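Note that subunit A is present in both complexes that follow, paired respectively with subunit B and with subunit C.
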Partner chain A sequence: MLRVQGLTVKFPSRFGDVTAVEDMAMQIAPGEIHGLVGESGAGKSTVGAAVIGLLQPPGYVAAGSLHLGETDLRTLDRTAAHRMRGKRISMIFQDPQTSLNPLMTIEDQLVETIQTHEDITTSDAQARAVDLLEEMGIRDAAARMQAYPHQFSGGMRQRVVIALALCTNPELIIADEPTTALDVAVQSQVLDLIRRLADVRKVGFMLITHDIGVIAQIADSVTVMRRGKLIENGPTAEVLGRPQHAYTKQLMGAVPPLDRRLDRFPVPEDETSPALGTAARTNKAEDWLLEGVRQNPIGLSLDGITVAFPGTRTSFWHKPAPFVALDDISFEVRPGAVLGVVGESGSGKSTLAKTLTGLLKPTAGTMTLAGADLPGGKARGRHHASRQLIQMVFQDPFSSLNSRHRIGAILSEPLWLYGLVKDAADRRALAKEMLDLVGMAPDAIDKYPHQFSGGQRQRIAVARALLARPKVLICDEPTSALDVSIQAELLNLLKDLQAAFGLTIIFISHNLAVVRQMADEVLVLRNGRVQELGAAEDVYERPSAAYTRELLSLTPVMPAEWAQHVP
Partner chain B sequence: MAYFIGKRLIQSVFVMLAVAFLAFSLFRFVGDPITQMTGVETSVADQERLREELGLNDPFALQFMRFTGDMLQGDFGFSYRTRQPVAEMISSRMPATLELGVVALLISLVVGIPAGVYTALRPRGAATQAILMVTLVGVSIPTFVIGIMLIFFFGVQLGWLPTFGRGGTVTIGGWETSFLTVDGWRALILPAITLGVYQLTLTMRLVRAEMMEVMRSDYIRFATARGVPMGRLYFRHALANTMVPVITIIGLQFGGVIAFSIVTESVFQWPGMGLLFLESIRFVDIPVMGVYLVVIAFFFVLVNLIVDLLYVAIDPRLRIKDVS
Partner chain C sequence: MREFIKRYEGLWLFTRSPAVILAAIVALTILIGAAFAPWIAPLDPYDLASFSLMDGLLPPMWEEFGTSRFPLGTDDQGRDMISSILYGARLSLIIGISAMAIATVLGVGLGLAAGYFGGRFDAIVMRIADIQLALPAILTALLIDGIARGVLPTDMQQSLRVTVLTLAIALSLWVNFARTARASTFVQMNKEYVQAAVMQGQHPLRVMFVHILPNILGPLLVIMTVDLASAILLEATLSFLGIGLPADSPSLGTLIRIGMQFLFSGEWWILWVPTLFLVALVISINVLGDFLRDVFNPRLR
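Moving on, here comes the complex of A and B:
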């Protein structure tokens, strides 16, 4: 049905054309789910955009052929190409929060799309919309579709998005990371839905993703891409079961397994970075950090912590019910241990991080740090010792570094802020050493954050946290914005740092497999309540809470027989 | 919803009280009202009697309460200059200013919004560059220069349009309107353009910036990928999503247009509130100035309340359900 041959996409720039995709080939049959996998910058989305004819200007198709059935997609003029969009090829985007027009009801958006492509009365279009939404698993669709997108949850919205893509019976749907922004439970429902639509309606899917677990679970065939080039393709069982190319193996190896804990991850070859402690290096930053934590590592404990936010007031007379984000949370982190915190979005993971760092004031409960009382919120003074001892690494490395400061200024800040190093030249020297310690070139010190990739920025964020000489590190989804290979590197780095300096780490993630690699103990949260708390091995091997079992069973994993080929 | 409006109304009351206090201070403390009202020949005893009669010896708080109370009952006091009630003077001038402001606003919207959409969709086109340049020149030149230039070309050189006054007006129920006569419209064109140019540029640039932002959003890309016709895409999907910030600025600007039409009114000898204000300043007619202040503040508060309600009408995400 879809045949792509020798596709080359170029983006003109001041320094000549940049080739985003080179000599790409793929075929998708009706009812086939074709996975397109690779890391960010591999050109996956560009292939999808080229097929549907929505390449971001000034990008253009420089060579190759694109056929959908008998239609040569490259010869279509603007009007014909636009008429074909939605009619024969549709698209599903990554983030259901942003891919629906917030000002129009679901019904208006569906009816509009149906009537665009078919000469059909409004009431017929409405009836079709109701059927479709019900097929997607939205109950009481006739009433629900009068609602606006913000009145639906993330998973429901993605169903609406799929309904919109499907409502004109297209032959091909390009799904660009359709489940990346969703929780595991919702992800598995959406993947099931996609599988069913492919089987029943014989729609072809181009499933663009960076998650090999998703590919392993539902794709019939797979194409591996790297830097715009085709690495390997074929039926999923063949490519993942007997990977021919080294890169495919590396990519699979970098995926954290759910069923065991690795000491270190294998890292794709030319992304190498010097690992800590592998060579007998003398690093001043390392010595400096060791000197700071020569005293014993410290622990942290929470007792009955509750955080409630006031609800939105809608009346003069009634006080709104508060929204309880964390409900009676108690746990203890032993000195030098790693506590993993897992849960879906909205479970209170990030609220917990904010409470620990003193950004939020708990409504009830007490916290202690190294046995001493730790006040919450504004009660914790600007100069409270914990401001230095607890440091944080955030999820998004693009917004957590000030883009107007040089790396040197960013890294020196904790040193003068906490009065650790008085002399500016010494601070700079130490910042350089620290860059070396986290595996970055020292010349990075005079650059700006935008000159680095996501993984490099996250290393800088870790370096900044370490320069405060912390004893407790709170990592809030530190790898969620990163590719698997970069994630593997960062996890290696965190493991090394933890081993070398005895840091106490609270590692927050929605990804159970990632947490397994890091955590000694695991806390499972749901709707602000503790579902399970225990040693990592127990929680993963013998989960006691039903919710933990559910999360574990829904996480996409690679079948064991495929995973063993990994180097 | 009722809570939302109620909260806004209470805030508005405080704003109005603050402005009334300013107006009152102006009246009470900028010069001595008795000296302003009386001539040199009034004896000191008479002045004292007048002072006592007008309650100027009462405590400050009492005087302010009386001032506010009088205002609420529609009693705005008398002009020093013409001895007429201020309420009458302001209300006879208000239609001229409001009509001028509304027409200026309409011109800025009718031209500004489509121009903003066009320049956003064709950011590199020659027409876009030309529009952006011309409007930049438009805002860079002071309003009165634009007014004088328009008078020079269309009034003096070409002789097409009148250069001052309101032309023919018709009075309906105490409202003197120039909308019902050809002469009235002819007289309205030049001042309305003069007053609207700045708003037009602002609206256009804001619509352009917002539109370019929205066109990059996921839901526009998704709508494009579904094949939604381009016209609907631009106007139904994209333009509607630019409206919240645009309306905020238009609202604030409209208050400004009413308040600062002074320059335009004086260039075109437009008999509106702005001209009245200028005359009052010249004769230190403090009661008129004070009331003008209160009336303008009232317009600002009213327009902003309307803007807040429009937000809710435009964006369903702001519609908080009442707890019943």
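Moving on, here comes the complex of A and C:
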């Protein structure tokens, strides 16, 4: 049905034309889900945009052919292309928050779309909208349709978006990361829905994603892309079961498995940089850190921590009920252990991190660090020892480094702030060594953060945290903004650092597979409450809480027999 | 050279926009002319001995009776228009730039602190700003001018005219800076680099000025240019209304006021030359401000 051949997309820039996609080919049959997988910058979304004719200007299709059935998509003029969009090709975007108009009811949006493409009465369009929503699994659709998008949950909203994409009976739907913004439970429901629509309605799907687990779960065929080029394509079982190309193997090897713990991820770069703590490298920063850290790791404990935020006022007379983000949390982290914290969005993971670092004040409960009382919020003074001992690696590498400061200034700051190194030249030298320790070139010191990729910035963020000579490191979703291969490298780095310096790490993530690779103990959170707390092996192999079992069963994984081919 | 230009996006955009280049040339010419007025101007309009009533009301050189001694003509006192305008622009720019600078320091400082601390301090600062916004800029300036006249002894009034005028203008402009700085600070406060700095226990002043300020400079620079134009206009308005600078040390606004008297008597150049000069200056500054906004906010492009 959709045939793409030799597609080349270029973007003119002030440095001349940049080729975003080169010589791309793919075919999608009716009822087929075709996965398009690759890391960021691979050109996945650009292929989708080229097919639907919505390339971001000034980008243009430089060569190749695009056919949908008998129609040549490249020869369509503007009005014909506009008619074809929505009618024959629809699109599902990543973020259901922003792809619906917040000021229109669901009904209005559906009816508007149906009537744009078909000349039918409003009541017929409404009837069709109700049927569609019910097909999407929205109960009581006739009444729910009167609601505005913000009254729906994320998963429901994505169903509405799919209904919008479907309401004109298109032949092809381009789904650009349709489940990336959703929690695993909702993700699996949306994926089931997509699978069912492909089977029942014979709609072809182009499923753009970075998550190989998703591809393995529902795609019939798959195309692997890298840097705008086609690496490998074919039926999913073929490509993922017997990957031919080294890049595909590497990509699959970097996906953390859910069912076992790897000591290290296979990363090609490993051969060039020997692991930390081995005799092969001598590093001043390593010695400097060891001096202060290794001898005596410290533990951390929480007892009955509750964090409540003032609720939204709904009445003038009544005090609003507080919103409880963390409810009576107690746990203990042994010195030098890694505690994994997992949970879906809204489970209170980040609130926990903020409470530990003193950004938030708990409403009740006590914390201790190495046996000594650890005050929360503003009660923890600027000169409290824990300000240095507890350091944090944030989720978003693009906002966690000050973009107006050079790397040297960012890295030297903790050394200066805590009075660890008095001399500016020494600080700079130590920062350079630290860059080397986290696997970056020392000349990075005079550059600005925007000159680095997400993975490199996250390494810099780790280096900044280490330069405070911490004993406890809190990692809040440190890899969720990164590609899998970069994630694998960063996880390797964290494992090495943990082993070498005996850091106590609190590793927060929504991704159970990632936590499994890191954690000795696991804490499962849901709506601010502890669901399960125990040794990682127990939680993953013999989960006691129903919620944990549900999370584990819903996480998309590659079938074991495919994973075996990976080195 | 080409490679150098391509390295910097702002420069690259600059070379592709003729209107912006023209505005930059006009603004730069006026700025240099005003800065070096005492050396460039043919005559000193403040020196009563240097001009004579005999030369009064001469038209520009291309008109009948015009002479090349006074290329743009003279006013009723016999003062050379070019010299008056250069000196006038000098005064206007001095007042405009210093008023803008005072407003920037005051507004950014208050706005940054309001955004950083939030709560009660934020509420107080912003309510003051709201009250300030409710008063028209001219009214504020008139108020301060009136107070200064009442409080200061007469002989000081003359020597402090420029200072009072500058303060009056600055006080009516700081709100813009405070609001923008506060809004941008709120955005930055949610960024993780600020949280990292707070978490590490850095001093609030350091977080504000070392970490946040460099990141909100973009929108502030834009406001600085636009408000420079406003300050110059406000000064011209006040002088035009007669509460600015006196006729013996004229700014652009004073010159326009003097010219008004000759609007219908045939001596058009006395009004139009300083007016067009003021328009050219303000428009070119505004065009540059818009250009800066585009450079710092790529989404508007």
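Everything below uses one rule, namely that the second predicted complex is superposed on the first by the 554 of 567 C-alpha atoms of A that agree within 3 Å, B and C clash if a C-alpha of one lies under 4 Å from a C-alpha of the other, contacts with A are read in each partner's own complex, and residues count from 1 in each chain.
Methods note: a contact is a pair of C-beta atoms (placed from the backbone, for glycine too) under 8 Å apart; a residue touches a chain by one contact, two chains touch by 3 or more.
Because the structure is a prediction, the values reported are computed rather than measured.
Novice: On the A-aligned overlay, A:358 touches which partner chain: subunit B = first, subunit C = second, or both, or neither?
Specialist: Touch partner of A:358: subunit C, not subunit B.
Novice: Which of the two partners, first being subunit B and second being subunit C, lies in contact with A:195: first, second, both, or neither?
Specialist: The answer is neither, since A:195 touches no partner chain.
Novice: In the superposed arrangement, which partner chain does A:74 touch: subunit B (first), subunit C (second), both, or neither?
Specialist: neither
Novice: Tell me the contact category for A:318 with respect to subunit B and subunit C: first, second, both or neither.
Specialist: first
Novice: Determine, under the contact definition given at the top, whether A:112 touches first (subunit B), second (subunit C), both, or neither.
Specialist: Only subunit B; A:112 stays clear of subunit C.
Novice: If you stack the two complexes on chain A, which partner ends up touching A:406: first (subunit B), second (subunit C), both, or neither?
Specialist: Once the two structures are laid over each other on A, A:406 reaches no partner at all.
Novice: Of the two partner chains, subunit B (first) and subunit C (second), which one does A:249 touch, if any: first, second, both, or neither?
Specialist: Neither partner.
Novice: First (subunit B), second (subunit C), both or neither: which does A:100 touch?
Specialist: In the superposition, A:100 contacts subunit B only.
Novice: On subunit A, which partner's contacts cover more residues, subunit B's or subunit C's?
Specialist: Result: the larger residue contact count on subunit A belongs to B.
Novice: Report the residues of subunit B in contact with subunit A in the complex, numbered from low to high.
Specialist: 1-4, 6, 217-219, 221-230, 232, 236-237, 240-241, 314-317, 320-323
Novice: Subunit A touches which residues of subunit C in the complex?
Specialist: Of all residues in subunit C, those touching subunit A are 6, 9, 12, 191-193, 195-203, 211, 214-215.
Novice: Which of the residues in subunit A come into contact with subunit B in the complex?
Specialist: Interface residues on subunit A, with respect to subunit B: 52, 54, 82-87, 89-91, 93-95, 98-104, 112-113, 116-117, 148, 150, 161, 164-165, 168, 312-316, 318, 320.
Novice: List the residues on subunit A that touch subunit C in their complex, please.
Specialist: That would be residues 14-15, 354, 357-359, 381-384, 387-388, 391-392, 394-396, 399-405, 413-414, 417, 464, 468 of subunit A.
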